[in-house]
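Each of the next two complexes has chain A plus one other chain: chain B in the first, chain C in the second.
Now for the complex of A and B:
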């Protein structure tokens, strides 16, 4: 066999992952594994290994609930045939490998910089002198937006090429948020420091990323999370989904100038995130998730409080969504705007809520369930039009679904169990991959340890990594005035991408 | 129309009547109090992920603190986080909480520039710059303007262009890739102007302190008018800090 078969969060010796010639590596991935519609690439990265670059590729098989992992050793000066020429979903992984290690690709469609990292192989290129793609024409004009945007949001540059009011092409250049977080995971040695880093990968997905890190770390240390930890993490992940989706509905209303929806959804988010403060002392749930332990055990009183919060939330929320989804002037702005068709979504490897809005049934809670998702018997909500309306609908329906899940969980609260556990040190020479379905989509962390159990690779992939390209494609042939609503309907992370 | 009125009726009054005295729900971790109890100091200092705790006397620097609360769980008789959300000051040293003292964090009136009250007392327009912020402080700054916290009632607002702004609010530890855009934005803001640092990452770099991908030289060049501690900043910390800065001290 050319590859190892792993389960989500499973630890294996790094030496057990087959190392094969690049030609076979490429052939296995592109011509065999990726031909199956149930498979998609969840991570593909390189690292320095004995003066060469070791490439590790992880392909998730959603039907068989496993992950195929294989690797190849290549020279630093290598010029390789690209996967991207055959399968577009690898385009950004290969750009990243090129940017970090200077490996060349003979037939990659566009080796555009990913994020201008501080450790880039070519330091002569800086983000301020990036040459944007141009089309020479008297009839076209360019619109540059960013890096600093009009609202209170993160930085990134959008360059539009427009034909009148219509967008012909959008190029997105990111990297402004780069903090070198993957490198810091290796340098900061204390577990609490690493947990804090995980909380800061993107501050809007604290439960998603910290939960992924916690699972991965526990697996490295040979620890299995207790039922009460799994309970709390499942509950927190679904609660985070409700909180952010509610905020997104508010922001979508703001962008179509629907004041009532904007205010009502905005204020409905407040008690939801305040609940995180009631539970763990922080509105964005920082401090709540810890590997091997929790400082904030979930109690019957907290359950009662949750029910109170949602008894107040649900009628107001239901009333507001009904009004919004019955309002022709709102629907006119959402329907058929920013469309990503199923075929396109599959070809670029879209993930998460945005992929499900485009008819791609991809959800880690179903395909690679951990925590309590098996017993919840999760059924992903899938829409088929791929427009802003579908992405809005998905949020609405996922909120109701998550409320249902939490209510179901609250019928059986683990009690009087152990909340603090001693973790061993990480096992040496190991590899772990951990997948979580955050509110935005599939989060993937990979770690490799050295012969003393020290971290030598920490690789993070936020769902935004793939989905930024979806936004660029979605706005083509749309009016430029519809860009904000398209952007908001994806609500992608800048810092999660830039790391 | 009727449905809209019904929705508005069901919402009732959502704003917080007095943002300076309201109590926050739950177990919010705000300004800590450090008691005089003797504990294993070395263990306490080693615990902190961002080296915010110092010895002789034992103190916590809220400009570095991530408010994770681990020190209070390990030494509950020594450190206790209160629900006091007033975590803003214009003097960096005032963010350092010392053992045996329980006094609120506030601004040093002597350091507030004379023109600030006169020019910005009734209206303050701010340009926000996220310089590698993790989007948590950005969320909370947005929340400060929502119908609950409603800082717009004090004339405080975020605006789209630095040309319309009276100052900039920086979040995040300032990455190398954002150093130049931050400078350009500051230069584009007309004088006189304020600089406000919101959140631990902006004030000290937080967990990213010393990372090679950062470039914090901008912050050494100018006087900072307001530090708002928090990870992320609570909307009430932000609003109270600004009110103290721009309103006349009674």
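Now for the complex of A and C:
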């Protein structure tokens, strides 16, 4: 076998992952594994290993609920044939490897910088000399938007090539939010510091990323989370999904200038977010999730409070979505705007909610369940049009679904929460991959430990990493005035991409 | 004179009522109805910042724009009282003096050299151009019906009597309201509240304006609202004495402002490509008015 077969959050010795020649490595991945429609790449990265670069590729098999991991050792100066030439979903991973280690690719179609990391191999590439795609033409014009966002969210530069009002091409340049998070994970030695880092990968997916980190760390330390912890994490993750989806619906209404929806969904979001404050003392749920323990056990009173919050939320939300989805002027803006077809979504490796809106049934809660998702018997909601309308519908339906899941969970609240558990030190020479379905999509963290149990590699992949390209493709041939609504329907993270 | 005074009075609180209506419709308390005017006075006290890439056009345009609106208001009559300027064919003057203001605001937007402002300018030019036939078909039909070509005489002679004339009144009001929304870049054609440059029309053209200039442009919008409100009110006065017509005028203006607020609260704006179609439909409504007039005159069987 050219690869080892892992489960989500399973720890294996790093030496047990087969190391094969790059030609075989490429052949196994591109010609064998990726030919299966159920497989997609969840992470592909490199790290320095004995003066060479070790490439590790993780392919998730959604049908068999396992992850195939394989590796290859290549020279630092190597010029390699690229995966991207055969399978577009590797495009960004290879750009990242090229950027970090200066490994050349002979046939990569778009070898541009990804995020200008502090440890980039080639320091001459800076944010100011990014090689934008250009078309020489009298008729076409370029529009540059950002990096300062009109709504003051996060920085990113968007460059459009337009024919009048029609977008022909969009290039998205990110990297302004790079903080060197992956490197900081290695530098900060305390567990609390690392947990806090995980909370700050992206501010809108705190439960998602911290939960992933906690699971990974517990697995490294050989600890299995108690049902109480799993209960709290599952509940928090679904609650975060409701909160952010509601906020997104409000923002979508704002962008189509539908004031009623914007203010009602905005008002509905606040008590949901505030529930985290009641539970864990922080509206963004920072501090709620800790590896091996919880500082804020879930009690019967909290359950009562949750029911109160949602008894008020549900009727209003149901009425508002009915209003919105019955309003012709709103539907006219959402339907057939920013379409990503299923084939495109599959070829670029889209993940998460946006992928499900394009008819790709890809959901970690179903394919690689952890926490209590096995009991919940999750059925992903899939839409097929891939337009802004589908992405709005997915949000609406996932909110109802998540409310249902939490109600189901609340019927059986675990008693006697054990607050703290002693964690051992991480096992040496281990590899762990952890997958979680955050509200935006699949979050993937990988860690490798050295011979003393110290972290030597920490690799994060936010769902935004792939989906930014989907946005660039979605807006093609749309009007430029529809770009904001397309962007909002994806609601991707800048800092999650830039790390 | 009296129309100018009343229009200026109404312009002080027109946008305030719109904003207040929107706030109440979304469950908020909202600012006082004079808040937009207070903001404009604040802007009047400030100096302007000019980009180095702009020329004198950018500096004179806001004043010309404002002046054009004031000039247009001067031809508006008030019931039996003529406007300050009144002559045969003054509705043509009205339309094109506004167009001069618009022309200057468009070239001043182009003057900044920003790609956003260029896009906004092109959209504004397109929509004004498409709205023009609707206005002329409407005023032309009324001129044909009454036999006069100045606002004052048209409105004095236009009386409601037959069913057709009521239908004409309703349609004329609709066309004038919608032209007003287009000219002022309001919903459903444009969203004045948005922060997204790519979807803006008028707002994006004034992104570079600041201080006194911005105050002028914003107040010109208020004046234009009140001006179109006055046109609509004029349809209904006839030669009523002042103690009836002034309350009617204020009621119509308030109703107009409230309906703008409600429209902006409960609908989404149109997709940009649908705007052109929508504005064209105004011309067809105006054509209906034209046929109604022909029927009233017995020129159509």
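The rule we apply is simple: the second predicted complex is superposed on the first by the 498 of 499 C-alpha atoms of A that agree within 3 Å, B and C clash if a C-alpha of one lies under 4 Å from a C-alpha of the other, contacts with A are read in each partner's own complex, and residues count from 1 in each chain.
Criterion: a contact is a pair of C-beta atoms (placed from the backbone, for glycine too) under 8 Å apart; a residue touches a chain by one contact, two chains touch by 3 or more.
Because the structure is predicted, anything quoted here is derived from the model rather than measured.
Between chain B and chain C, it is B that contacts the larger number of residues in chain A.
Using the contact criterion defined above for the overlaid structures, shared-chain residue A:203 touches chain B, although it does not reach chain C. Residue contacts after overlaying the shared chain place A:267 against chain B and chain C alike.
Using the contact criterion defined above for the overlaid structures, shared-chain residue A:256 touches chain C, although it does not reach chain B.
Of the two partner chains, chain B is the only one touched by A:127; chain C is not. By the touch criterion stated above, A:155 is placed in contact with chain B alone, chain C being left untouched.
Overlap of the chain B and chain C interfaces on chain A comprises residues 150-151, 260, 263-264, 267.
Per the touch definition, chain C reaches chain A in the complex via residues 22, 25-28, 115-116, 118-119, 187-188, 191, 193-199, 264-274. Residues of chain A that touch chain C in their complex: 141-145, 150-151, 165, 253-260, 262-264, 267, 327, 329-330, 332-333, 337, 479-484. Chain B meets chain A in the complex at residues 3-4, 6-8, 10-11, 14, 24-29, 47, 49-50, 66-70, 73, 81, 127-143, 146-148, 158, 160-161, 172-173, 175-178, 180-181, 185, 201, 206-208, 211-214, 231-232, 234. Chain A meets chain B in the complex at residues 116-119, 127-128, 147-148, 150-155, 175-181, 183-184, 188, 190, 192-193, 195-197, 200-204, 206, 247, 260, 263-264, 266-267, 270, 274-275, 277-284, 286-287, 295, 315-316, 319-320, 323, 493-495, 498.
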